[in-house]
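One chain, chain A, links the two complexes that follow: it is found with chain B in the first and with chain C in the second.
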Partner chain A sequence: MRKLRKYLLVVKTGINSNLIYTADFLAGALFFALVIFIFMQLWEAIFFNDGSMEGYTVNRLVWYYIAAEMVILSKSDVFRSMNEEIKSGNIAYKLNKPYSFVLYQFSEGMGQIAVRLMTNLPVGLLLGFLYVGKLEGLNISALPAVVISTMFGILLNFFMDAFIGMTSFWTEDNSAFYWIVQKLSFMLGLFLPLEFLPKIIREIALYLPFSYIAYAPARLLTSFSMEEFLSMVPIQILYTVLFAALSALIYSRGVRKLNVNGG
Partner chain B sequence: MTTLRDGEAGNNTVIVARDLRKVFRTKIKKEGFTQSVKSLVKPEYREIEAVHGISLEVPRGELIAFLGPNGAGKSTTIKMLTGILNATSGSMLVLGLDPGKQRKSLSFRIGSVFGQKSQLWFHLPPMDSFRLLGAIYEMDSKLLDKRIDEIVELFEIGELMDIPVRKLSLGQRMRCEFAASILHKPEIIFLDEPTIGLDVLVKQKIRELITRLNKEEKTTIFLTSHDIGDVEHLCSRAVIINHGKIVMDSSVKALKYGYLKKKVIDVKFAAISNHTMLEGLNILKRKGLSMKLEVDEGDGIQEVMLRLMQAGSIVDVTISDIPMEKIIGDIYTDKGLEGINSNTHTDSYAGTDMDTDRYTDTDTGTGSTTAGNSGGEGE
Partner chain C sequence: MLMGDKKSGIQAKEKTGTRKDGDKGGRRLALSFLQHLRLICLYFKYNLLSAMEYRVSFILQALGMALNNAFFLFFWWVIFQKVSSIGGYGFKDVMVIWALSSSTYGFLHILFGNVRELPRIIMNGELDTYLLQPKNVYVNVYCSRMIVSAWGDLVYGFVLILLVYGFAPLKLLLFILFTAAGGLLAGAIMSVADTLTFYIGNSSGISRLVTEFLINFSIYPDSIYRQSVKVIMYTLLPTGFIVFLPFRLLSAFNWYGLLGLLAIDAVYIGISYLFFKRGLERYESGNLITTKL
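For the complex of A and B:
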């Protein structure tokens, strides 16, 4: 019980610590509003305000983008913090406490994500209603499925970031990996629904983890089908577990070779 | 790697290290484009021995200073003793536990303060960090409240408890850092440069707290510092390391006493009329009519003073102890006692007969640290 309490308190402290960034919140909301506005203009120009493509109307595309961006914007800083802690050698000073370092980082990250979701969710909903009104063909009974998929999208994103962050145990500069992953998740599901991509690319993307971050929850929100839920969420869970395991593995290997500078 | 068994060094001993070594492997990169490409394909490594066979024992309740220049291996040793780094070879026991294998169990019983790193949450008041640390150390919440009250009073940080850490001054922050590290009543506390960057008053305050902690809670203090004042005012025993080896392990009293038998005379003449009187004196530095001499305490001072007065008319004279800073500096540069014993440097204050009660020469392997309570006479 006490063991659980310490991580819950880390989440709580993480929330408290992130609540003070009011300027961050305002800048984030403004950015969110701006990109959605730009995308809306883009889709309207392409569709001449009516018509649709692969079942997506402008209304659905805007909501798709809001849902996808919600996952991406609500990510934690785990990549940057792991990277910095390892490179600067500061990680050493976090190791001599009675906790699991990975669980500690996870709890702290969850605190951050909670604060970002709490701010991004109302902003996203408000923007959607203001720009295009209610989502067309919304299936209320599908919402729990969307929430589950969003949750795993966020978790998968977290563990992929944590994993890449910890490659700095070995590499001097791992920002290229991070950049590649960011671009891939942008191209394979955030910028465009996979349905807009050539068939061959879409099929490959469905085997890769990137689309399971933002595409899966956004797709399920805008065009829910039980069949897609059952095919995508298990893969999301599988990739989440895989990257969590990889993170734990890379951590334990990394600590063993820890070469803290100084002395 | 030999293993030590608990109790091997006596129940009163909280730290035992035998022949501890740490080798780092660093990638080397030569200059130039072709070399950069080459290092991508076939990286070359150089081994750097940060700690080179350190042996020591620390009895419970001791205030021990670990001194050495930058890169001497001080922090690496602390990191090995606290379980952060694994030793390349050698063995150690801290509170009867093997830090490399039992890091977590050990972490409940030790505390640490690293002068340049913070364990407090930057944007939150110290109270939040204290509560979180209490939970991390799995303390009962009632006990934690009581302990926080105790510490807040001891460290006089009541008025700082609700100010975000980022708004505290360095001195205030250090007091809170220190308080945070003893919440769980550690038996040993490792302080790595605890007074770095602090002003004189705050330094005194921190030193006072360290002494009180040692006396009131019987906490063993293991301290590294560049500040000789820390050692002089706090510690009973000083271990000096350089190039990863212990070059001296002595009680602070003995260290000072050995050198205090010598004095430094600064003298300034209006004019020197009889140069022959100055011949044979141990002149360390001379500039025009001013000079600095080293002299043995006792009869030496009288004799030298007489000769100086006969040499010319004196305008000013000061007789002083050799500063602790100089003593330690000499030990670093002379690479241990060899240098001190040979006393070949005319510009050095190094004495000839250091009266130390402990001396380890890890090079020859003949000396072994015999830590008992002998070092405890200082305080």
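For the complex of A and C:
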């Protein structure tokens, strides 16, 4: 219980420190609004406000994109933070503290995510309602399933970022890995629903972790079915646990070979 | 008559004097331009040599960035499998605007890697080092750093343009010109956002937003936007002059368009420089002693 309280305090600190930097906070919300605005314009230009594609109308595509982008943009800076801690050697100061480095990063990240979600959610809802109105065929009873899937999407994204961040124990520069993984999650579910992709790519994507970050919650919001919920959420949980375990493993291996010079 | 001769003689002398002064001023300006061009080249050379010290990291970052951009090619390919045109833009047209955006921002961050870093430099008091050097601060501060991954952006743009047009020397020359001019214009706009730090304190948030707006407005066809957004794209955030007018000139060249574009670029760069110069007068050093390696 005491341990839990310790990490809850870090979550609280994470929330407070993110709320203090108002400019960053507002910049994040404005960027979220910008990308949604651009995609709204893009879909409208493609559809001319008429017709549908792969079962998606402009209304559903816009709401799909808002849900998917909310998961992606409500991520924490864990990749950058771990990278900096390891490369600068600052990690050395944290190793002798009475907490786990990974759990500390996790708790701080959760604080950051909470603030970003609190900002992005109203911005996304407002833009969606103003531009295309309420989501067509919204199933209110599906919302708890969407919330669960969003939560695991965010957690999966967090542990994948943490995992790549900790490769800096071995590599001089790991930003290329980060960009590639990030773009894979963009292409396999953020910019376009998987239904838009060629069949072979769609089938491969369903075996990979990337689509379970943004595609799963956005798909459940716009086309909920219990069958899809039961097929996607267990895989989300599986991949989240896998990447959490991999993060713990890479940390325990990496920290053993850590060599910090200077003081 | 005599008086008149004398007067015209004095006037002639004055004119000659003014012309001489003008010549001197012009020569000094040309010399200063060449000196700063040399400074940019030297910074480029040493930044590149320093990046090449970590060759594997250099290649990884550049390739990673090129691959990162290539993912968007996939996105557009999927879209154009479903529709033949978006607001008059076909797949090849979108590739050209991607080539222009990618190379333009690549060029900017290779030569002027400190763009967007100025607020941090000012806030940390690191500007003092540049003030002590006998070179123009505006040029000196921006070109003293190179972003290695930007090489991936630059090369990616060239690969795309070669794929779209094939080896067409004239188009390639124009592309190089637009890359350089667009890069300088984008840098000038980002610099205005950076320079706000002199006036209102840390403007890194604004600077980041301006960059995001510039980049995001550059990589989707401008025809998807309404008139009000297009007004912004040709004034406040001139992506129209960075990417879309160059794209139109590449498709259908005309001299008036080219000269007009270069003149507009020069005006924006001039305003950005003057804004920086006035802002610099407000700078107060924190007397922090730093070293610039």
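The definition used in the following text is that the second predicted complex is superposed on the first by the 262 of 263 C-alpha atoms of A that agree within 3 Å, B and C clash if a C-alpha of one lies under 4 Å from a C-alpha of the other, contacts with A are read in each partner's own complex, and residues count from 1 in each chain.
The definition used in the following text is that a residue touches a chain if its C-beta (ideal position, glycine included) is under 8 Å from a C-beta of that chain, and two chains touch if they have at least 3 such contacts.
The structure displayed is predicted, hence computed values, not measured ones.
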item	value
First, second, both or neither for A:Arg2, with chain B first and chain C second	first
First (chain B), second (chain C), both or neither touched by A:Ala27	second
Contacts of A:Val10 with chain B and chain C, given as first, second, both or neither	first
Touching partner for A:Phe196 - first (chain B), second (chain C), both, neither	second
First (chain B), second (chain C), both or neither touched by A:Lys97	first
Which superposed partner A:Leu138 touches (first chain B, second chain C, both, neither)	neither
Per-residue contact with chain A, leading partner among chain C and chain B	C
Set of chain A residues, in rising order, touched by both chain B and chain C	none
Contact footprint of chain A on chain C as seen in their complex	54, 56-57, 60-61, 63-65, 67-68, 71, 74-75, 78-79, 81-83, 86-87, 149, 202, 204-206, 208-209, 212-213, 216-217, 220-221, 223-226, 229
Of all residues in chain A, those that touch chain B in their complex	2-3, 5-6, 9-10, 13, 16-17, 20, 90, 92-93, 95-99, 256, 258-260, 262-263
Chain A residues touching chain C - in the complex, by the definition given at the top	23-24, 26-27, 30-31, 34-35, 38, 41-42, 44-46, 53, 172-173, 175-177, 179-180, 182-184, 186-187, 191-192, 196-198
In the complex with chain A, residue positions of chain B that touch it	22, 24-26, 50-51, 71, 73-77, 79, 82-86, 103-104, 107-108, 110, 112, 114, 117, 119, 121-124, 128-129, 131-132, 135-138, 164
